[in-house]
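Worksheet: the structure to be examined is printed underneath.
A, B, C and D label the chains in the order they appear, each numbered from 1.
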Amino acid sequence: MRLVIPLAITFTAGMIMILNFFVPHQPFKFLGENLQEWYMIVASGAIFLGVMNLMHVHTRKIRLKRKNWKYSPVTIIGFLLMLVTGLIYGVAESKPFDYLFMNMVAPMGATMFSLLAFFVASAAFRAFRASNWRATLLLTSAFLVMLGQVPIGAMIWDKIPLAKVWLMSIPNTAGQRAVMIGAAMGVVSTSLRMIFGIERSWLGGAD
Amino acid sequence: MKNLSAFMIFLLLFAAGATLADSTDPPESVVTEAAEELEVISAVGLEASDTEEDAGGSVSLTWQMETVGSDPDSLGVIRSGPEGEELITTLPEGTVMYTDQTVDNGTEYSYWIVSYSGGYVQASSEVAAAIPSAQWIYRGRIGMLIILSLMAGVIIYFIESGKKGKELFIREIAGLAAVDDAVGRATEMGKPVLYIPGIMDMDDIQTIASMVILGRVARKTAEYGSALLVPTSRSVVMSVAQEVVKEGYIQVGRPDAYNKENIQYLTDDQFGYAAGVDGIMVREKPAAIFLLGTFYAESLILAETGRSVGAIQIAGTAMPSQIPFFVAACDYTLIGEELFAASAYLSREPKLLGSLKGQDAAKLFFMILIVVGVVSATIGDFWSPLKSVAEFLRRLVTVN
Amino acid sequence: MADFYEKLGNLDRRIIFVLIALSVMIPIIFNMVFPNPVGAEPSRDMFDYVDALPEGSNVLLSFDYDPSTMPELQPMAEAIVLHLFQKNINVVGMALWPQGASLGQDAMSSMADSLGKVQFEDWVNLGYKTGGGVMIVRLGSSMSAVFPTDRDNVPWFEIPMLRGISTLESFSLIISLSAGDPGIIAWVMMAGDRFGVPIGGGCTAVSAPTLYTYLQTGQMVGLLGGLKGAADYETLVGIVDGQAVRGMAPQSVAHVVIMLFIIIGNVAYFSQRKKGGVK
Amino acid sequence: MNWEILGIWLGAMVTLCLYSFLYRDNPFYKFAEHLFVGMSAGYWVIYNIENVLIPNWWQNMVPPEGGFNWIWLIPGVFALFMIARIIPKTAGLSRLSLGMIVGVGAGLNMVSFFQTNALAQVKGTIFSVASGGVWSIFSSLVLVVGVVSGLVYFFFSKAHTGVVGRTANVGITILMVAFGASFGYTIMARLSLLIGRFQFLLEDWLPTIPRLLGLGG
């Protein structure tokens, strides 16, 4: 019984969103737009659930002296620091909240993002081995495109940059299209299974 | 006297205007000389129509401005309807369209555009009338509606036939066959299994598919008795993950082994999450890592660190830009649609296998569409009737 | 001998990390500049098309980007404006993005001062107009209706160089520097396909692959893709240590290092296979 | 107190702590990681309050000019149901909100994925192959064959043997070439991120050291 209502809500919400796409007539336009707004409010309201869990996990880690518990206060203080400065001083520019974001959170994000330059290199070194003919194709097309990106490529043979352009505009487009069309079929089928309640394990119900 | 000269100039304008209309490039001198003393231009060719494919209650107006003459200060839109005549808005000169949203369906309204100059109405366009109404269907999306409902029908049909116990074949998917021995390996080595559901929320279909697979993986870890860690980047995903894993453990009869602490929220931030998960990887040293769901640039940060701790990695996403990185860094990669086939493959339930058959039917339909389209377009270059076939197919899949 | 190759094959990835860090740091510290030969690729097609334009022809240059994509697109803007001025071509600037107008103004005014070009005679900045593709179609029928005045409110009819220009067809080339939408795709669809005006352009590296297909179908005469495209144009125009070319130095070194490691990885792999199977 | 230099130093310190992860896991990385998780979680709570909850919900429910729109209570109640998971007894209520979120997601994803990822891509692949020179004919053929054989690779209900097997092989081959090309192409973008960080460290941070020690200008 506990599953019928949620599944009914999923069905109605799903059908409203689909009809909102096809039917401009009144009830669906109003319902569709409101539903999208409501969904955003519920999802962002749920963030308190997450941060409560975060605080619970770290306070528990300190209480039970779990491994690396000495670092948990850093997370708690960091969280409270941003929360309090955000609530008191607001998010305007040059206020403490924005100062902390621009000088700590943003650089940390940029640094983690830049780790990719190192990992791309180590992944290329290990993965681009001509172990079978498919891996050889992967390796050659990556190598050719890299060569086409830098002047050394043009030095070796002035058609190499053209090879890069060809690889990126023909096989890359074909591969991406095949993946996108296939994935879209998977999305439609999964959405149908959700909306019609055929797949219900996500609700934690016996299916 | 002033009116006579104004009239003379009007005549001159009229003559210049007439010659201008048909000759392509007017003599330079005539145009500039007449510019100073000209009549204020008015809107012409005003058309009012019910706004296409809307929820009703709006009329679209389009017009051009006369090209010869001095520009008005501003334009006014006058509407006459049941409540009489009123100026509904003033617009900067040079505007050529306006949509009036303040009307009721079913009543007739007539409009005209007036040009203001020096605070007075100097010129006015002819009247145009329209009756606003709501439409029931976006005409441009009918093609998509047909194909989508056809496809949904086929998928539902195969699900029903699956339920009736028809034997359904599904090919080998390497990544999914490896799930069992990945969890088995983790249990032998007494190391945890790490499941990463991507960084998007429960409104993203790949995350929903990932939650369903998590349910299957949870049953295996419950059977084998290894720890299952699930760090999430969204609170709603955390709640669903806790729900799904608990259910997996209950169904295998090991509710006691379910540990809610292992399923935790880190942060909504993409790279904060990547940093946190990397930390978990190097400290807990999981023997099996699942990366299933929506990933963006952080995909390789996770997969490369997972590789460095020596774990078996099974990844899957429908994001075309991230698949190359998973192919390079992981042992098995589910490409696009294979991620959505996972729940059917792992559960072997007839109704889920049926939906895969429906997906194959849809792919077959599109493949035939493409082949027929390309053949008829190519031959159409030389024998024109076929070109209309290609054109028809393109229009069928056009959505606007 | 075999275990040397085996060790080589499983090289500790931290060696690669150190080399990548060095190959980026050294060129930055010593401000190195490398020669940048340009192959037969879309950036050269773009340069050749502009180079072949007769003196005194009109080119419409649309700055459709914002400060976040300046590192890739601003060097392109400066190199293209320099080339157009060197060829004594009339440059009409405009923008589909709000901040594009001021970024375009910087590029045009700085180049104009260094080459003695006069505003309103050799170049003008019409500024930003909203509307994207719809506005471009409107430009096709009457430019003065959309831009009654330029960015500094000087009326269209009082600008000498604009007298000969009435619609998009008065331009021998439209160049769009685009960071996304509205951008090159809107210009190709609305100006190229509809009015037949040749379209060239420059874009960020991430949007280049989707635009390459327009080159293949001939809907574009040339395209500068990302920092590499900017560096190519700087080299072809003759700017020796331009911003983009300097930016390419660490890229080239790091790319070579990664390619070398791929080769080393394969050498180690093949030598082990010859020595009786891989572990 | 020069806030600007302090800001640069804070940024540089956390940057170096995170880079230490490349060597191996160490106290500096653990510190920066825990700090990053905590601060970014705090940032996103404030972000959600300031950019979603207040403008899209509170100001609609209780408009500044007074009055109360009861309809906006519904999302508020659904959000409370989600948060009710904290108390085990009322955890069941969260399933109602989950139902709504998954329903909206499934409905929206279905139409948008089908429109942009399926129909638009199919439309883009229907064109005449016979245009342009020999090279463009060959390229167009590769494109069409690539898309069709790629789709065959994704077939589930037929074993990849015989004709289907060979076509699927052609498909996966073109997919591999596509993945290699897009991997190689992205390297430049990733390197420019690293160049940006090193420029911050070398050109913004390092010069502040002599100034702080009173040596420099």
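Methods note: a contact is a pair of C-beta atoms (placed from the backbone, for glycine too) under 8 Å apart; a residue touches a chain by one contact, two chains touch by 3 or more.
For clarity, every value in this text was computed on a predicted model and none was experimentally measured.
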Greatest number of touching C-beta pairs links chains A-D
Centroid distance [mean C-alpha coordinates] between chain D and chain C, Å: 26
Intercentroid distance (Cα basis), chain C paired with chain B, Å: 28
Any idea how many Å lie between the Cα centroids of chain B and chain D? 16
Rounded to the nearest whole Å, what is the centre-to-centre distance of chain A and chain D, using the mean of the C-alpha atoms as each centre? 4
For chain C, jot down the residues that touch at least 2 other chains. 13, 17, 20-21, 24, 209, 216, 228, 251, 254-255, 258
Hey, what residues on chain A touch two or more of the other chains? 21, 39, 43, 46-51, 54, 68, 105, 108-109, 112-113, 115-118, 120, 122, 124, 126, 128, 138-139, 142-143, 146, 149, 164, 168-170, 172-173, 175-176, 179-183, 185, 187-188, 190-192, 194, 202-204
Interface hub residues of chain B, defined as touching at least two other chains: 148, 201-203, 205, 208, 235-236, 239-240, 266-269, 271-272, 275, 283, 320, 323, 325, 327-328, 335-337, 341, 356, 359, 363, 366
If you connect every pair of chains that touch, what shape comes out? Choose line, ring, star, complete or other. complete
Which residues of chain C touch chain B in their complex? 13, 138, 142, 145-146, 148, 157
Residues of chain D that touch chain C when the two form their complex: 22-23, 131-132, 136, 139, 182, 185, 187-189, 191-192, 194-195, 198-199, 202-203
Considering only the defined contacts, which chain B positions touch chain D in the complex? 144, 147-148, 168-173, 201-205, 208, 235-236, 239-240, 266-269, 271-273, 275-276, 278-279, 282-283, 320-321, 323-325, 327-328, 335-338, 341, 356-357, 359-360, 363, 366-367, 369-371, 373-374, 377-378, 380-382, 390, 393-394, 397-399
In their shared complex, at which residues does chain A touch chain B? 21-26, 29-30, 39, 43, 46-51, 53-54, 57, 60, 67-68, 105, 108-109, 112-113, 115-116, 119-120, 122-124, 126-128, 138, 175-176, 179-183, 185-194, 196, 198-199, 201-206
If you look only at chain A, which of its residues touch chain C in the complex? 117-118, 120-122, 124-126, 128-131, 139, 142-143, 146-155, 157-162, 164-165, 168-170, 172-173
